[in-house]
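Look at the two complexes coming up: chain A is in both, with chain B in one and chain C in the other.
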Partner chain A sequence: MEGLKFAHSVRTRAGGTRQSAIVGVVASGNLEVLVERVLPDAECAIDIKTAAVGFGEVWTAVVGDFVERYSPGGLRFSINDGGARPDTVSLRLAQAVRSIAENGQ
Partner chain B sequence: MTVIETTGASPGLDCGGEARRGAKAMTSWQTNRATRDGRISAGAVLARGKIVEARDATRLLEAVIRPGDRVCLEGDNQKQADLLSRALLAADLSRINDLHMVQSGVVLPEHLDLFDRGVAKRLDYAYSGPQSARIARMLFGGKIELGAVHTYLELFARYFIDLTPQVALIAAVSADRDGNLYTGPNTEDTPTVVEATAFKDGIVIAQVNDIVETVPRVDIPADRVHFIVKSGKPFFVEPLFTRDPAAITEGQILTAMLAIKGIYAPYGVQRLNHGIGFSTAAIELLLPTFGERLGLKGRIATHFALNPHPALIPAIETGWVRQIHSFGSEVGMDDYIRARSDVYFTGPDGSLRSNRAFCQTAGLYACDMFIGSTLQIDLQGNSSTVTTSRIAGFGGAPNMGADARGRRHPSEPWLKAGAEADPDGATLMRRGRKLVVQIGETFGDKNVPLFVERLDALELAEKLNLELAPIMIYGDDVTHIVTEEGVANLLLCRTAQEREQAIRGVAGYTDVGRRRDHSMVAHLRERGVIRRPEDLGINPLDADRSQLAARSIKDLVRWSGGLYAPPSKFRNW
Partner chain C sequence: MTAPLEDITPAERARGTSFYEASARTRLELLLDAGSFIEFIGPEQREVSPHLKIFDLPEQFDDGIVVGRGRLDGSPVFVAAQEGRFMGGAFGEVHGAKLTGLLRAAREIGSIPVLILFDTGGVRLQEANAGELAIAEIMRAVMEARSVGVKVIGLIGGKSGCYGGGGLIAGCCSALAVSEPGRIAVSGPEVIETNRGVEEFDSRDRSLVWRTMGGKHRRLLGAADVFADDNVQDFREAALELLGLVGPFGLDKLKAEQERLADRLRRLSTCFDAVDIWTAEGIAHAETVPELPADQFIALADRIGRISRDAR
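Take a look at the complex of A and B:
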């Protein structure tokens, strides 16, 4: 296992009122993302635990593009990764933002 | 008028009468026929009529085949002459050795055991899917002298020019006592192999599942068949074209949506061929849902050169597909095909008539698009399924995934693609272009990148001292590359540098993708050379499995009204 932590300053706060959401599954080639609305509006944190060691550079690129595109202010993402491909990671992160942007608890 | 063919049929035409008589005395013009008759006589000792018992199959082959012969051991994409393979493998090496195998598919372990034992020495072939790792090891180990890896149509063509078989060992469903053969839905390569062999003084030996009074239809006439061996069990057929919808990923669905909206729709592609991967299976399953909502029914995907893919059943049932011609059949599809004869080609007996050579020709000349996946794409768009440890061969992709330079009939997609490639050309003189689309996810199995700086095929060619690297589709034939990152239209690229950046631009987070020139990629996107999901009005979050018309094999059975009978390995209920 490898642990990676990213912290980004973002332009705007993520929409919606839900406090947390979970998408995906922990499985080989897949990942689970827990997203919680626990940070100041201009901050975003992404903590990764991954089974695939040595892909830090790719994670940096994927996370950078994701933050740039969705501006997920106030959100902390905790990822359990089973060696998912970058496109799957991008999709799950986008799904997590959509999930927490819904109104409700 | 120019005479473009000459013939040697009139020897000594200009000579005096005496010289001509002299030539006749010395030259026999029918040695091959005499040899064939000798082989038939040697085999006839073991036969009653044309029928030889299975236990005598090896003795028959020893009687008929000579050392060094060119032999086609029918290994098609699907159907395998497995009994005759085993019989040949058991041959006495003092009687049969150093054969030159000319067969499209190297599929069974026995096909390679022949080389290990020394029964065979040289190989010309087209496809070796299940044996790809072993064939690579044997080539490196010097066990096989490789002629070339061909496309199907190319190998078939050589059967008639310089690789004509002396003996063909073929497979059929049934034979009558005269030797008329019924090949059933998997006719595949048989007519081509028999044509080349029987009409050039070769010997045709067929293994059949049954000997019957009257065959359901005559696929091969009796006078082209010399011996028949009844097999104890049906010949082996591989279900190669069944993709379980349950295994289709969201990434493949997104890629399929991009292809439909970004290529099928704007070009109005009606006549096409699909590869066998999951991305194209996803396209087939999105036609009745996503395609329907886009109003594309009747405007795209109406005529196919395609095997009977189970994944196409929902599109057929909803009236999308008008006609399909097939290379071979698919396990479990027989009853469905029989009941949908308006769509498929069927014989007087009601079952599918497939024919690989004709269908490949149809794919080359009568289809406006080929779309399929590959294992590696380089910066020029060259693609290959060959890696240093696996040589899977090409099958039909290089043939269908190539511009047909002999094509002369116009069609909307062909002309539009031609105009995009050469906007300043004179309209009436400008060739059209076939759409050759490579579709895939930026990372494949085990996170192996689809995009590479240098193809493994080059390393293989260097190691094996090949004169030509095994490229599946050359970059100059590829018109579009589709990944989950978007569609790259290579027809619109004007320089090699633009082409490279267009490819890097859809290569995602692979090394090739991360080394893109961001400003150039942005410029290419403004010009529509690269189109992202959002440029096509597609939200990646909509790419979920609820979009698929069938989400399991069982759904496909339901769509077929119970006519599709999937093989047991695809049944989980």
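Take a look at the complex of A and C:
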């Protein structure tokens, strides 16, 4: 297992009022993303635990692209990864933002 | 033209969603009354397995089981859904404790039924002792809940089936609903082949696996009381039907169940294959049973299939 942590400054706060959401499942080639609204509006954190060791550069690129595209201010993402491909990771991150952007608990 | 998403009712969505393909969370969302589910010990509490990190294996924040409460046609229910894609839905220490706790809560309250959406290969090998203990605790908790009048219904139709200790727990439930892809057994195909040889059971013969352990066979034998088509709405309706059918539980019921099983063994123990059993049960052209569509099979099962309603 390998742990990776990313922290980004972002322009805007993520929409919606939900406090947390979870998408995906930990399986081969898949991952789960737990997203929580726990940070100041201009911050975003992504903590990753992955079964695939040695892909730090790919994660840096995928996470950077995601933060740039969605500006998920105020959100902390916690990822358990079972060795998903970068496109699956991008999809799950986008799903997580969309889920927490809904209104509700 | 496809209807716009907002025009689709929850029931239509549930009807159009394969139970087999859906995640544990989607199953619960569509099984229960819309918006009624409240989770206990959710993923944000991060109650993960204390064992997996020792093996350098990934954890899941809910340890592969979602437990909570919700409403079914307006009435309160406790629910537990296993995620069959995370480590085969297997029982570990935390996973098991969440189900034990739910069943004990149901026992304390006494009037709220429990739905268990099984999807499991059995005990998680990496935490075998804790998992085996969990199975024993859950079986006891099911029987204790039932003995104070709680109905415990099992719904089986997931990718991992219901194997190992999951099969034992299912055997303790008040009643079961199963779909065709749902399988119920203790030893799985590979386990039998490994231990007894390929002549005993060829695990690569998928047709053999399905007609021996699959939902249709379990329904015809009376192990499952209702056969559901593979969609979440059908399982919702099956759960409601079973909640209406399950009667009081006591020693007489257990004795009747023992007699039902002994009778089954007397009548069918010489049968070599499931097709022989179906023929012995009076089904003409028994070899066509695996190909029957759900509606035709349900009609057949209602006519011929046995039930365990007076037993269990």
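Just so it is clear, the second predicted complex is superposed on the first by the 105 of 105 C-alpha atoms of A that agree within 3 Å, B and C clash if a C-alpha of one lies under 4 Å from a C-alpha of the other, contacts with A are read in each partner's own complex, and residues count from 1 in each chain.
Note that a residue touches a chain if its C-beta (ideal position, glycine included) is under 8 Å from a C-beta of that chain, and two chains touch if they have at least 3 such contacts.
Computed from a predicted structure; not experimentally measured.
Contacts of A:98 after superposition: chain B is touched, whereas chain C is not reached.
Once the two complexes are overlaid on the shared chain, A:10 sits clear of chain B and of chain C alike. Using the contact criterion defined above for the overlaid structures, shared-chain residue A:67 touches neither chain B nor chain C, since it reaches no partner. By the touch criterion defined above, A:44 lies against neither chain B nor chain C after alignment on the C-alpha atoms of chain A.
When both complexes are overlaid on chain A, the residue A:86 reaches chain B alone and has no touch with chain C. The touching residues of chain B, when paired with chain A in their complex, are 249-251, 254, 441-443, 447, 484-485, 508-509, 514, 540-541, 543. Those residues of chain A that touch chain C in the shared complex are 1, 20, 22, 25-27, 30, 32, 34, 36, 49-51, 78, 80-82. In the complex of the two chains, the chain C residues touching chain A come out as 23, 25, 42-44, 46, 53, 56-62, 83, 85-86.
In the complex of the two chains, the chain A residues touching chain B come out as 52, 57-58, 61-62, 83, 85-88, 90-91, 94-95, 98.
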